[in-house]
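Okay, so chain A shows up in both of these, paired with chain B first and chain C after.
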Partner chain A sequence: MAGAHKSLADRSRRRFLAKAGVAAAGLAAGMRFIDFPHANAASDPVTGARRWGMLIDADKCARGCNACVTACNDEHGIQGQGRPETDAQWIRKVTLRDNATGRETSLPLMCQHCEHPPCVDVCPTGASFRRADGIVLVDKHSCIGCRYCMLACPYKARSFVHEELTDQKPWSPRGKGTVESCNLCVHRIDEGSGRIPACAEACAREGHKAILFGDMNNPTSTLAKELADDDSQELRADLGLNTGIRYEDL
Partner chain B sequence: MLMLLLVICAAANADESSGLLPVIPQAVKGEACVEPTDVMRRDHMQFLMHQRDDTVHGGIRGAKHSLVGCIDCHAQTDAQGAAVPVNAKDQFCASCHRFAGASMDCFECHATVPAGKRASTTLPAWMSPPTVFVARTPSTGVD
Partner chain C sequence: MAMTDNITGYTDFSVIEGRGAGFYTLLAALAAIIAAGLWAAHTMETEGHHVTGMTNQIVWGIPHVFAVFLIVTASGALNVASLSSVMGQKIYAPYARLSALLAIALLLGGLAIITLDLGRPDRLMVALTHFNMTSVFAWNVFFYSGFVALGALYLWTLMERRMNPLTKPVGALLLIWRLTLTTATGLIFGVLVAREAYDAAIMAPMFIAMSLSFGTAAYIVASLAALDCTGRPLDDAVVNGLRRMLAIFVTVVLYFVIVFHAVKLYGGGLQGFERFLLEEGGAITTLFWIGQIAAGSLLPLALLTWKRTAPSRVWLAAAAGLVLAGGLAQVYVIIIGGQAYPLRIFPGREVIESTFYDGVVAQYHPSLVEFLLAFGGVALSLLIVVLGMKVLQFLPRTRVAD
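Let's turn to the complex of A and B:
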């Protein structure tokens, strides 16, 4: 046992010395030290050049259709425990009724991916954060489950996981004691293959095409053009949060 | 000194035969790990911790120190062709962690079998379905 450990240590020491030698040779030859951190990166970190967002057309959203909610649940492995008061809900269908006219509107409601997110302001550990490209996320490694963010969110977009979970999806880790919400299917966005969030995909599959996803910062994107042309609005615009999810025909 | 060595060797042999040492199953795919074995044994937690921040905050996916990558290669398959969770008893992660007395929290959130694979039915105790307590309606005393 002791011998085995010693030889292990020897091997790593030898490897370190060999690497140190190579590094020294590289420095001598004028190699820039700043190159090292990038050596293993598969891609570059996201930047603020893009801002992901959505335009939801409430006129096209069909009442009684739940395809976006089902697709979200499938994508992220969200299963109800039969307790609607505490079950996780990343996206839900809401029906608005104008009492004066009786007009009813149906719309999906989820995390609005604010530019100034109240959930980030109140988080005591920095777990709730806004990514450079506008996606508001929870870093569950540092979430302590205090649920301040759930109180702060004006859209009631966040859920707390109350019970032990099994069978999580590899691309969507979820666990007891942490807060979670719509992540705009960040794993699909990061792939860079052009796959859109599961809810938008399902809505298009159903033929409603009520959810348009895209880059708000790119003036040539369909989303940016629609936002420029049409009269869209933010939910609770009075709060000045500059949401990434916009609605039209409410 | 020689006696001491002999005693240590004898103890090591006894450990192996009595099943006290970790039994590490061979990876099911891949020629070699992303780092040499001795480096992985000592530093895998550091690799995972640094890369998780790059992934969660920077959106960098597919770099080599990925937990999903560990699971893809190291989750075994049982006789029925179902994937065995890496944190099940005597499996790749659990075997060493039990030996070292180090608990791991990774799998409270992260998947324990590769994407698209059905999990084996032999789950560790803590993964068994939660017991459902049915509250009895309190008796009102009036029948």
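Let's turn to the complex of A and C:
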């Protein structure tokens, strides 16, 4: 009697477990659709198949035009504190005079996204790193603010955040006590929507088209073709850093 | 009370009395300076580094000058320990304990400064758990912590008689360790290919020479203060040995400085930096010629070797003090001067416009908080030495003959 009762209870328990299992599976499947829509470009792994870079034509860059700098500041929420020696600058305009010919040129200067970045070599915690697609970044969560990377950068491309910041852009994390630099508008690249970095976009909008952005590894890209056709140069090529930013008509 | 030559017996050690008003005044003064340093660090962390004189051009300032100076000096403060325990110079044996205490204390003072200057000192644990092994800084995390651990182990072998047989091997390991540490400290700058003032392998041996010189000077000041002034034995032979060593090390540093700058002067287009440093650098040039070379090298060399001043312990202390001041000037010239001179991003071209100070010499005006943090680190080193001598038997009291 007791055995029949136990068997009945067992069957009831199994039915319950089966129903619960079906319900859980259905729920999981539902969640699957809700939480994980089909993969988009942002969740694609970053690989070395691409190398993002730029070609800057100094001939087209207009002296006195600051559109690229303004666009960068707007995009990343960079605001001056009226202290030019400590204010962050991710991109700056520089005017040069050739010592031999006296020719004057203007150009934007930012992180050169080196293949062999000295900032990455010297960073004690690995906060400075180079993505597989060539973008050199700072992980703001592991930067301890030692500034060794700033000493190591041949282009003075990095800034240290010297004060408390408010109203940062969600796509551009920045914070007091850490080091930062041009990230090639990585958030735009990772959107996969084809938006180009803010500086290149602003330059084109002004009609100068001095900044050409693209994939250096893709032989069909305009950038790769221009690099192949024209004489471009790296800044401090003697250091052998293989920069992702190239210049022509310096 | 001078000890005689040919020490054959072991020495009797004791703690310092440390009861008088003078002792407590010293402790209170050091504690006050440390408190001011902590306040400075807190201000830098809460306000941000704009309250310092450091900028995006001069990214390392007074805190780094003092920290590097203390760390380099710490390594050389072990000279007496190495002479006694590794090279078998028995006359230095009674003084090896103070040598190791001073070394550990100086290193901890330097590390405190460099840590509290970080933009995010609250992330110290990140630095201690995430290592990028291509970074000289990451190596130094191991070298510096290992130095303190080995120094403490070395002291144990000296103070615990059953551990005495290990003094020589541990002392030898510590000697190798500190030479490596100072090499890596010099290479912090030596590996920086971007800057004309650095990018030189010779910076490693130059830093070793600097450590031997500054460390010997620091030991002379410490031993004269701790032993001579308290009527404890400080053997004439030891004092003469330290004097000779200091003269030799100051000369070796000068040699490296001359070779370093001569090579830079010789190289193609690099004279710009040398012209800046040697002629046109304003305060940097003054600190180099007056601070580092005249007051920090030539004058102490004269005091250490001139027959009228050489026998005097007072003049020895003065010479050692000058070497330390000159050393500080030298580290300032290396760190600040090397950053102040502009990067050559565009060889063959002159920068005529820039919003980021390209092509111009960077100005540096250190602020009070930087000095307070730096002095706090020095005071921490001194406090460790004083308290160490109060709680453990670091100083020889009398010599016990066989």
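One rule holds for everything that comes next: the second predicted complex is superposed on the first by the 207 of 250 C-alpha atoms of A that agree within 3 Å, B and C clash if a C-alpha of one lies under 4 Å from a C-alpha of the other, contacts with A are read in each partner's own complex, and residues count from 1 in each chain.
Throughout what follows, a contact is a pair of C-beta atoms (placed from the backbone, for glycine too) under 8 Å apart; a residue touches a chain by one contact, two chains touch by 3 or more.
Here the structure is a predicted model, which means the values were calculated and not measured.
Enquirer: Could you look at A:R131 and tell me whether it touches chain B, chain C, both or neither (first, second, both, neither)?
Expert: Only chain B; A:R131 stays clear of chain C.
Enquirer: Contacts for A:C72 in the overlay, against chain B (first) and chain C (second): which applies, first, second, both or neither?
Expert: After superposition on chain A, A:C72 lies in contact with neither partner.
Enquirer: First (chain B), second (chain C), both or neither: which does A:P45 touch?
Expert: first
Enquirer: Does the superposition put A:E163 against chain B (first), chain C (second), both, or neither?
Expert: It touches chain B and chain C both.
Enquirer: Answer with first, second, both or neither: which of chain B and chain C does A:R83 touch in the superposed model?
Expert: After superposition on chain A, A:R83 lies in contact with chain C alone.
Enquirer: Have a look and say if chain B or chain C is in touch with more residues of chain A.
Expert: Touched residues of chain A are more numerous for C.
Enquirer: Check whether A:D190 is in contact with chain B, with chain C, with both or with neither, and answer first, second, both or neither.
Expert: First partner only, chain B.
Enquirer: Tell me the contact category for A:T178 with respect to chain B and chain C: first, second, both or neither.
Expert: both
Enquirer: Would you tell me the residues on chain A in contact with chain B in one complex that are also in contact with chain C in the other?
Expert: Chain A residues touching both partners: 163-164, 176-178.
Enquirer: Show which residues of chain A lie in contact with chain C when the two form their complex.
Expert: 63, 69, 81, 83-89, 92-100, 104, 106, 109, 118, 120-126, 142-148, 150-156, 158-164, 176-179, 235-236, 238-239, 250
Enquirer: Which residues of chain B touch chain A in the complex?
Expert: Residues 8, 11-12, 36, 38-39, 42, 52, 54, 56-65, 68, 71, 108-111, 114-115, 119, 123, 126-127, 130 of chain B touch chain A in their complex.
Enquirer: Within the complex, which stretch of chain C touches chain A?
Expert: Contact set of chain C toward chain A: 45, 47-50, 55-57, 59-60, 118-121, 123-124, 126-127, 130-132, 134-138, 141, 188, 191-195, 339, 343-358, 363.
Enquirer: Okay, in this complex, where on chain A does chain B touch?
Expert: Residues of chain A touching chain B: 1-2, 8, 11-12, 15, 40-46, 129, 131, 133, 137, 139-141, 163-171, 173-178, 186-187, 189-191.
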